[in-house]
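Dropping the structures in below, format is structure tokens.
Note that subunit A is present in both complexes that follow, paired respectively with subunit B and with subunit C.
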Partner chain A sequence: MYCDCKLIILMLQMGELAVDKHVKYILSVQKKRKDSFEAVVMEHLTMNGAYWGLTTLDLLGKLDVVDSEEITEWIIQCQHESGGFAGNIGHDPHILYTLSAVQVLALLDKLNVLDVDKVSNYIVGLQNEDGSFSGDMWGEVDTRFSYIALCCLSLLHRLDKINMEKAVNYILSCKNVDGGFGCIPGGESHAGQIFCCVGALAITGSLHLVDKDLLGWWLCERQVKSGGLNGRPEKLPDVCYSWWVLSSLIMIDRVHWINKEKLVKFILNCQDKDNGGISDRPDDAVDVFHTYFGVAGLSLLEYPGVKAIDPAYALPVDVVNRIFLGR
Partner chain B sequence: MDSDDDLRPEEMLPLSQRPEWSDVVPIPQDDGPNPVVPIAYKPEFEETMNYFRAIYLSDERSPRALQLTHLVILLNPGNYTVWHFRRLVLEALNADLDEELDYVARIAKKNTKNYQIWHHRRWVAEKLGTNAMAKELQFTRKILSLDAKNYHAWSHRQWVLQALGGWEDELDYCGQLLQDDVFNNSAWNQRYFVITRSPLLGGLKSMRESEVKYTVEAILANPENESPWRYLRGLYKGDSQSWINDLQVSSVCLKVLNSKTNYIFALSVLLDLLCDGFQANQEFIDAVTALRTSNADPLDTDLAKAVCSVLEHVDPIRVNYWTYRKSNLPVSA
Partner chain C sequence: MSKGDLISKGNGFDLLDQFEHILDSDPLIDEVGFIHPSQFVILNKEAESSKQQSKDEIWSSDNSLDHEDSNFWNRDHKLGISAHVLLPLYKAAKDAFMDSIRQYKIVENLPGASEDEMDSPRSSAMESEVMKHSKALLLLSCDFGTAWNSRKLILSKKRHMSLFSDELLFSGLVLSYSPKSEQAWCHRRWVIKMIAGQYSAVQEIVGKESDLVEKIAERSKMNYRAWNHRCWLVFYMTREQVLLELNKSRKWAGLHVADNSCFHYRAQLMLTILDLSWHKQEDETSDHDVEVYQIWKEELLWNEDLIKRYVGREALWLYRRFLSLYWTRHFATNVGDATHQSRHTSCVADDVNIFLDNELRLVNSCSTIPDNKFEDFHAQSIHAATYILWLTKQLPKSQEIELKKKLNAGSLLTMMNEACPERSPLWSNCLHGSI
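== the complex of A and B ==
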């Protein structure tokens, strides 16, 4: 058994996580000025951006710097009459934004503003005959959407409204001989898709259907010499895979198979220590997406001073407990 | 510039100054009274979006609406609403969908990892049916020639094969890609997809012999390559008797072990074989013994244990995994 105290001391020696800088960075992104190209491209990612930014703040213990009433008000306005949520006011709903909206409301302890049946009916309507889920009414199918649907319904206590057996069987049909999962049956194993499939199986209590040793080995083979993790064989390491790979390893109880110290070091090396934020690889430009995944990864690695995050729901553990244990 | 489609917004008059748009009242974005996440817009972006909102809300499915969706797509190809609306307009106008495929190809040049574009392409191809097959295989081939691991392109290609056909050359295509880069895991995955799913090849079992030969060659050329080792295992899916009894599997392990370089995957496969019931002879014991780096280690009498000990040593980043394997060996191994 590895001694965690030793790990904590090592982490502190490795150089600190620039918490205040990252908080400042997240807040600055949320107030970005007009004329920013990034903001134009990100227009449709606003709801996801809110989730990444706010979860990061919560993990760093700084969620109280935002006005939760105002955010809740905005989220309500992003809801479509179908029950789904859009990325921003006046846009079309998509399952991606619906989960982010529910997650942010969960973070802010505002799930009570939701008409739960309306939201869950929207998701239920996206399940297909074969058990898979579409992302919106246009029918793109992907195991990402299976995860999103199951996660969302579970947070709303409405898992009983779908055909769970079919949903689970569809995910299993995307399992490959290497133990991993792809986006559709036959699709290459990819750490992001593995997170979605394992997360969905965890949420539905079906983890016994995963070959944990085989998948665990594939996942720990993702760690490269620099300590970082890649998402597929022979690809470059990237901070976001700290989340996809680590959370999957934790869910199947195999996280001790990678070298945690080396991974912590890799993530800390991707920080912009002057202006805040975390990038995909050392010395690249930072963004909110990788800042969130870096901090969430450190949370899974039990980095001191970062709140614990739940690997399946991608929300702080205290938030998940509040929802399922009523505390 | 091969068509009017390719006009960029900054190259044309603002919509507000064009007579053909004078009857449309643009609708600005409603960010709510106190926008939490105020969005930054460039002026031309804002104007185009305002016109688009107007057309979208009035549900005008006209040629100028099609042109407008193009302008919005140029500004943000990730906007899924505009792609949805474009499909409605294409349907209403009964547009030439072959041309639409060419259009998507031009937009995809700069956005090969955009979900919306691939979804749109699939919608068009689905409508065209088998007529689109050759073009789709050609299109994905082109994208993969630039990025041989593009996940979207592979998904699309797998869909084309299953829905529209075109399996004839696929195994050769995988062979070509692996010749270019034998470390390309996507190509190995596609190869497995073909031999297990092609209606022309007779399935995994009838392909096994030739595939094992191919894979063993690839392994011997680059024993550090994770993909063919996993592929080899996949060739025996659901048939562990053949897996442990086929001499080609154990002998490729032995060859790599005896070379004494890049032998981690060979050891790992030998370990799997032993756990599955493979009976190793003295040659294997000698090969593993020769890899022990320190004589100070107590010699494991059990071969599987000895394999784990070597792996703990030569693959330190995953030492906990190999220790786990060591402590969970089946009694017989």
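== the complex of A and C ==
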């Protein structure tokens, strides 16, 4: 294995991360929102988009280019009377957007605008008898929602309000023979779901309940010849899994089981070096989602010039420290 | 608002009117697509040559109809929407929907709004507005959650079986062209749960639902949402249905050997029958056990056959990991030759050893590469070696040591390090220690 210095030199030899171009790209997406059908049909998840875009900017050290007052104002308008947040103004609340809203406010250091009990009561109200969480009042259950609930409550210092033991047991009931996790008990293992389950277990201090060698085996088998990671067996590699697989491997302490240099190379090859942005695979069209996951993946790989990100909370480490250590 | 905005807005409402009129007059639409304007010409020509009378219709239509023809195309229950009108149409549909649901909620939340109030003509007119506009909107933007929710809200008040059936049809239509729409799958589960709570038709629906997933999976390969839905259905299945599903999905799996999701689904079905046979053990005879044992044995043989026929398929080897692990854990130790439940430890160990010897033979036969240039054979040998290493790690300590001796672990490690150098930390981890 290479020592860190050697890895950094290698990374720099591989070609640069086009930081300024990516910043420009993120900002242009914000502005272009209303011109095309492709853009407006995504308006229901603008809250997620805000999280992806702003976290990318922060990781690249450029969060100061946005107007944080304006964003905070908009987020407040997305809050529903139930306490949950919607993906955009006038839409229905959902736990997915609630986490993004809390994360963005954390990034902007604006958590103080929240009525913390109101938001946490919304989440607490979504826990079911078996420990699982529904995504909203209509009752769909998914381990993603368990992660979101635990992550959100932890960021708000309200983890004590739910039945944590049941929450953890439900997640464990979604574990498969291959060591991975699915959406529901018996659901197929998927890198995205694994991130959610491992992240939730990390946040609740329950990682000792994971068979790390078995899960690590499944995760490192996701690396394909090109160096990229796929999300499931027999699938093509995709930049977004750089985040999900990698963060899980870090949390269970098995990241040395994959080839980091090849992965860095794969992510850098997915950049649009002319107009900025990162795509799922080399030469595909870029989008904010993959730009975020590409940069976040590079952050986990300790790419020079990118701020460190916390693998469980999916927020820059300094933001997480501010919340938990008060600095 | 600028004059340009006003014009496009007016245009949008006209488009929405046309669109909703088509949806209303042809409730049997089973296919929707967004098409490039140039395709209209081709589609119309095709229709002309197939149907002489449609030609007369087109030529007899006045200018305005001609104009409509270039926005929407609707024949034989197929609906095409011109990509050029999508933006104004979407904006109009969204505005109309948001207005209608806002008004509906105001009336619904009026103090003293009783059941009677909600049945009033005014209220049902509002409901049909919400249903109409949400339908139009969802056909354009299938993951617009608020629109699906509004439909749930109205359906949960009405609770008519026929409305639930309509909803299954509608979400099926959305899935026919957006097979990965998370919201559409989620909506179906909500509808099925509502039906299951009230009507007994759920077993019948489960069968149909499973067929729908298979149909969609045929066109949308390794669709996680679709297969997750099918796994969810297993909770509602009777033992007979599970066995039927195992039979039904077998042929499909054999034709789609790279589809890991399908093999995961089979694994779920296998685990369910295994589970059911355990729960019956107290009062039932061991007939079920024998049956499950047979099914498991046949599945292993079938999988081995596929592995030899389709060289280098990861999904097949992963499925074998699952089958073998459960075999060593449950059948080699419990049923043995399928007649007795409790056996001597030495016999149990014997059974496991016979099984593992067979696995070693399979792995060896798959490790010979006839020609280095064939990538598939190269992949096959790696999958085979990884399979046996994985299985070794999962066995109880005594069996692990035994198997490692037979494996000639040292040469295997060299081979793996050469074939897959990036995973060398993993290989050394799993061979470390007890060799």
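Structure notes:
Just so it is clear, the second predicted complex is superposed on the first by the 323 of 327 C-alpha atoms of A that agree within 3 Å, B and C clash if a C-alpha of one lies under 4 Å from a C-alpha of the other, contacts with A are read in each partner's own complex, and residues count from 1 in each chain.
In this section, a contact is a pair of C-beta atoms (placed from the backbone, for glycine too) under 8 Å apart; a residue touches a chain by one contact, two chains touch by 3 or more.
It should be emphasised that the depicted structure is a prediction, and the values quoted were computed from it without experimental measurement.
When both complexes are superposed on subunit A, subunit B and subunit C end up clashing with one another.
Of the two partner chains placed around the shared chain by superposition, neither subunit B nor subunit C is touched by A:325. Look at A:262: by the touch rule set out above, it reaches both subunit B and subunit C. Of the two partner chains, subunit B is the only one that A:70 touches; subunit C does not reach it. For subunit A, the partner touching the most residues, choosing from subunit B and subunit C, is B. Of the two partner chains, both subunit B and subunit C are touched by A:190. Using the contact criterion defined above for the overlaid structures, shared-chain residue A:89 touches subunit B, although it does not reach subunit C.
Steric collision with subunit B, judged by C-alpha atoms after aligning on chain A, is confined to one stretch of subunit C among 39-47, 57-65, 93-101 or 111-119, namely 93-101. Subunit A residues 36-37, 40-41, 44-45, 90-92, 94, 136, 138, 140, 177-178, 182-184, 186-190, 216-217, 220-221, 223, 232-235, 256-259, 262 lie at the interface with subunit B in one structure and with subunit C in the other.
Taken together, the subunit B residues at the contact with subunit A in this complex read 29-32, 34-42, 45, 53, 75-76, 78-81, 84, 87, 115, 119, 123, 149, 151, 154-155, 158-159, 183-186, 189-190, 192-193, 197, 226-227, 230, 233-234, 237, 317-318, 320-321, 324.
Chain contact summary for the complex, subunit C toward subunit A: residues 83, 86-87, 90-91, 98, 140-141, 143-146, 149, 152, 186, 189-190, 193, 222, 224, 227-228, 231-232, 234-235, 258-261, 264-265, 267-268, 271, 313-315, 318, 321-322, 325-326, 386, 390, 393-394, 422-423, 425-426, 429-430. Against subunit B, in their complex, subunit A makes its touches with residues 30-37, 39-41, 43-46, 49-50, 67, 70-71, 73-74, 77, 88-92, 94, 136, 138, 140, 176-178, 182-184, 186-190, 216-218, 220-221, 223, 225, 232-235, 254, 256-259, 262.
In the complex of the two chains, the subunit A residues touching subunit C come out as 1, 36-37, 40-41, 44-45, 86-87, 90-92, 94, 136, 138-140, 177-178, 182-184, 186-190, 213-214, 216-217, 220-221, 223, 232-235, 256-259, 262.
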